[in-house]
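Chain naming follows the written order as A, B, C and D, and within any one chain the residues start at number 1.
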Amino acid sequence: MTLLEAKGLSIVFPTSRGEVKAVDQVDISLGEREFVGIAGESGAGKSTLALGMLRLLTPPGKVVAGEVLFHGTDILKLTDEQFRKDYRWTKLAMVFQGSMNGFTPVFTIGSQLKEVLALHGREASDSTISKLLETVDLDNSIASRYPHELSGGQKQRAFIAMALSLEPEVLVTDEPTTALDVITQATIINLLKRLRKELGISVLLITHDLALISEAVERLYVMYAGGVVEEGPSIDFFAKPKHPYSQGLLTSTPTLTSNEIKGIPGFLPDLANLPPGCRFTPRCPFAMEVCKRDYPPLKGVGGERVACWLY
Amino acid sequence: MSGKSSYLEEFSKSKAGMIGLALLLFLLVLSVYVVLAYPSNIASTWNNPESWQGNPAKAPPTWVTLLGVDAPPSLEFKGGQWANASVGSGNYNYSQSYTFKWTSKVTPSNIVFSPRFSGTPLEAEMTWSKPDGQSIVIYIASPQTNSNYDATDQDISQWIHQFVEAQTGTLQGTVTFGEELDALFDADGPNLLSNPVLQGTYHVRIDVLSRSPIALSPSSSLTVDGRSYGIMGTDLYGRPIQLGILLGLPYALELGAVTSVAAVVFGVVFGGISGYIGGRRDGFMQWFTLVFLALPALPFLVAISYSFTLSLISEALLIAALSWPFYAIIARSVALSVKSQAYVEADRAMGISAFRTFFTHFMPRLTPVTIAYTVLGIPAGILLAQTLAFLGIAPPNIVTWGGILDEAFVQEAALFGWWWWVFFPGMMIVVVATPFVLVGFALDKIVSPKVSAK
Amino acid sequence: MTFRRFLVVKTISYAVALVATVSILYVGIYPSLQRVIKDQATAEGQQFQQSLVRAHANLTQKQIGQQVAAFKATFLAQFGFNQPLPVKFALQLQNLFTFHFGSSYFTLAPNGSNQVSSIIAAYLPNTIVLFTTGTILVVLAGSIVGLLAARSAGGKLDRSIPFIAVFHSSLPTWWVGFLFIAFFAYTLNLFPSGGINSVPPPVGLVPRFGDFLLHLTLPLAAFFVVNVGGFAYVIRSLVFSTMGEDFVLTAKARGISNNRILFRHVLRTVSPSIATQSILNVASSFAGAITVEVVFRWPGLGLLTYDSILSNDLPVIIATTFILTIVLLLGLYLGELCYGVLDPRIRSG
Amino acid sequence: MPAGSTNDPVLKLEDLCVFFTSKRFMEKAVVVKAVDGVSLEVGRGEVVALVGESGSGKTTMGRAAIGLTAPTSGKVTLVENDLEVDVGKAKGKTWKGLRKRLQIIFQDPFSSIDPNMRVYDSLKIPLQSQGVKDAGEVSRTIDDVMRRVGLPKELLDNYVFQLSGGQRQRIGIARVLLFNPALVVADEPVSMLDASLKGDIIHIIEKEAKERGTAFIFITHDMAVARVAAQRIAVLYLGKVAEIGPSDRVIENPYHPYTKALLQASPTIEPGMRDKTKEVNVRGDLAISTEHPPGCVFHPRCPLVMDRCKTDVPELKELEPGHWASCWLY
């Protein structure tokens, strides 16, 4: 059952050099109880996509096309007030890249947890708070502390506790472990996996780290320069990525089992001035004439979908 | 885009900034004109009430007539040759006539006769003929050259009083000020002094009698002081406000510029270095900034003016000494944000000297800030200086708007409704500030994002 | 622990700053201060001489002269006139800090004393009432306008605020006062043109208070008009920079309404800065708004200073400057403490 | 041979300690032992990785190694042509001269080069301040380093802010290579770069080490990157070396429980993991406390802690040739 779905979503940022197409006609879906990943490098548009789907874009960024369906309702069409009351945090919660700074610095962690609960009409007692903190392996004393008194890992966990406080159906996590040490990172990912199972929520994990994503998700999307280039079950994908970019990305990810590392030559194209055709063409070892001309649509290739003229 | 040329380019795109720049140039040209066109001792002329007797006092600007206010402007009759005729037995008679039309319903504020001649005339005889045919004859015995005879002078008023007595049939002990003009302009009859003003053509003939030939200068004049003057009116002494405003302009600009440049340059260098070196020395420099920040500018300057005679430069430097801390605080935060960048550390690792680092990384960011705040600081300096002038503290022999306003305040201009005396000098402070603000804001907008950007 | 350290460090640093600031002031007024002291010595000497003559009719002119000279020398010695400069400096500073400003040449306190300290004590409360009330109004209105402007960033209000701010800040307050008097007092006859109450004041507490309010309105309005724009601008900038922080976005994601984010999360976060700004505003308005009092004949320190300038009453001028310096520094100090109290990052280390 | 030593060393750290003492008014003096008795040698053309969590002291150690931070005790020596320079005590001219021999690559390419300068100027200024005045030599040197980091000459006229992160990091490396230094500390040079660009940067470092014999201290928190980039890995914990040895050995056969935990926690491409919980055999977070625990500094988090660990400090022991660990288990 599809829970959350973006259809043909396009997001642009007007700049002095022209419109930057941060997200260009992206289709993405998240099923019930599913753990889905979005992988890609900086400039791929993955964070923008997530913010766009949760109506959190800051102006001047704006959605120019497409719809976002939650249980079949286009949530982009709702009024701000409706969406705020009925969806934000109660159904759709998010853990941000900057969640380290996600707490208002002048209130204690406990009071911020209570505020969210109370605002949405839940019970906001001390015991609820300590139970919440317990689910993310934090002890009760955290509640009376200010954000600046916590370590990065503690803040991230406390924020996850806050994200789960209203038992949302979807949890979007955007680089939840960047800037954390590996050991903390592993515990956070473990926590996400455990909570998904225990609470039966759907999780969308956005990260640049293919290794991290491989250990967590069931299905993943790979984005490049604002578009999805490949989508499929993670087993299939990691066994044999189809898109040349996916292949390059995988070989450039350092692993403990190999002494070798490769890079992808060249750089990301200018998003304000995109060439026609496939955006990966200038860096692609298999580039053909057609690639320069036409943008490849997503096609089914052996259980996966790939946007490449090779298939 | 970055670099110096792009700052200019961006600035030229700001409409407000360009308008400000144009206004600024206009003010500059105007003040250069003032400096060149008026003698350097003009301030002492300004401060001498005698020099302004020919002007109507307390007159609103002439353009109020356009708003339907009945405030006739002054009429001045000057020049023209004197017709002369010998009247036998060694008597000489020189004469001149003036004709003017009076259409206003109010009398003029005064009439002033200013004979200019060489020799010793016996008397001057003025025949004032009203539109209804009545004439008043005024004899001035032994007129003096370079004197101004106005309607309230004994020489003139006694004849008017006689006329009043003749018309009203009552003996006038004293005639209060202004009633001379009623006599000269109102319709005749027993109620002369309360009759309406006669509109129509007035003839004034002046004869000068002498026993020996004299030379009457064409610069002799008869002025009918109106009830309005110039673009901005006059004050209690008849000084034109517009002149005061012009004379005050170079002072205001110069003081503002010197103050701002001194304060901003010192403040930015001080704050910039403070932020750059950091540590204990930074702490001390911050404390030093606080010490000056805590000096209350206005009272301090007042108190200090009792110890030293102010000149324009010393006043400007004193104001600067009290305002640099604000700029030091801003510059320090800019320097800190630069310092937090790894390229400062990288320079050290490269063996590049601290001095060079300061110039390659800090100055390019501090300079635009300096320029923007210098521009924004000028109106602040002007305002403070004018406020001091209002309190009676200003370098001697300088005309200031604050000083003009001080006089307006002392003379209770607001109570008497002499609004032009209050409005224009004050407005000038705002007007002069405006272009600086427009330019400064345009600059600030260009500069600030670059400071904060990584 | 940390907050106590913060307190002690700040207190020491401001105390030392106070001495330093006053020293600068001292250098600036040195010549006039010496003149004042000598004048006082002469005046007191004359009084002493008269009382001497009255009390001891048998004294010779020479004896009187000697005694008066000795009296003057003792008087001057209190101010270190026979001492090297550093001691003189210390003694005179001590006299300033203990509010021994001497006696005024012309002004009298309502209780008839000509001691400058009593005169100041009589005038200072009026200044405090006017500008504290004024600043409270400015802070309230400025904060609301600033917050609203920051909320609708890029909107009409937002774009016009900088211009209003600077236009206002280049308005001389006293001039605005002038215009207000001309219009509201003399043209419309709505408010009295100046003073703190009618002469004679109305009978009864309530009418008297009403009369006071009536007199307060115009100076308050002039002060408000000139200052509110700048304050709103400061708040707008503060709020604006805070609105870009991560926690604002996450608060929005949490389903907290925009108003609540603005008026609770953002406002509380910038509140330390607002508090500092407000206190600084009060303190500096005391010093900067002399002229408002002058124009409205409001019997506070400003008017006192102005009248003293007109009558060359130096002791009073020196004293008001000294008092205003202390007030300003005290304001800066309180502002910093307020920041410390309101910001948990300082309060709890 | 003692722990951490190597043949033909360029740089020797001997019992290096860097303590930061902050004594603030009214507060107890706080001593942070960022580096606590580390001995390490880096050989000519060798890349040694320092691995550890934030707070492990790896950056401080790197900075002390090139003289940017003064050691509290211990010795840092640069060995070149049989000449030894005491880096820790160098001052004035000697120190400035060292800037040509010992260099550093910074983590953040966006802040380590002034974005408002032209690329050419950012390379020219270091050369000039080291006394290279001849215009021809300046431009030859600049062309050479641009080639070595794989950037086209056309970029020289651009402003730094017009460059992408990957390009900027290459400029950062080019600046470092200007003087062909003897040793370069690369402080997390790839951690802020996109995956597709990491390989190229590592390759540039490898090539410089191989072709010019430049030694590198490669600081990273990522075991996988360390393996790819370095011949030897030193794992740091709270300012001390927990384990040091050849990269392959440390990763394939780790001895220290902390190394094991780091390796367990490191993500690998392993889609089969998605239904399992990752084993992380440490407790709690890295103590940010300033007081180091007595005994083994790792014992409060160690899953295999023994009584002895709480009181006695373990020495580094050679457990395989060139592979040392400090743990009471061995």
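The rule is simple: contacts are C-beta pairs under 8 Å (C-beta built on N, C-alpha and C of every residue); 3 or more make two chains touch, one makes a residue touch a chain.
This one's a predicted model, so the numbers in the text were calculated from it and none came from an experiment.
Both subunit C and subunit D are touched by A, B.
Ranked by separation of Cα centres from subunit A, the top chain is B. Taking the mean of the C-alpha atoms as each chain's centre, subunit A and subunit C sit 56 Å apart.
The distance from the centre of subunit B to the centre of subunit D, with each centre set as the mean of the Cα atoms, comes to 70 Å. Centroids of subunit B and subunit C (each the mean of its C-alpha atoms) stand 31 Å apart. Averaged C-alpha coordinates give centres for subunit A and subunit B that are 67 Å from one another.
According to the touch criterion at the top of this document, the contacting chain pairs are A-C, A-D, B-C, B-D, C-D.
The touching residues of subunit B, counted against subunit C in their complex, run 287, 290-300, 302-304, 306-308, 376, 379-380, 382-383, 386-387, 390-393, 402, 405, 408-409, 413-415, 417, 419, 422-423, 426, 429-430, 433-434, 437, 440-441. If you check the complex, the residues on subunit D that touch subunit A are 53-54, 164-167, 194-203, 221-225, 227-228, 247-248, 251, 261-274, 277-278, 280, 282, 285-286, 288. Across the interface of their complex, subunit D is touched by residues 35, 41-42, 151, 153-154, 181-187, 189-190, 193-194, 208-212, 214-218, 234-235, 237-239, 248-265, 267-268 of subunit A.
Note for the complex: subunit C touches subunit A at residues 153-154, 245-247, 249-257, 260, 265, 268-269, 271, 342-345, 348. Those residues of subunit D that touch subunit C in the complex are listed here as 24-27.
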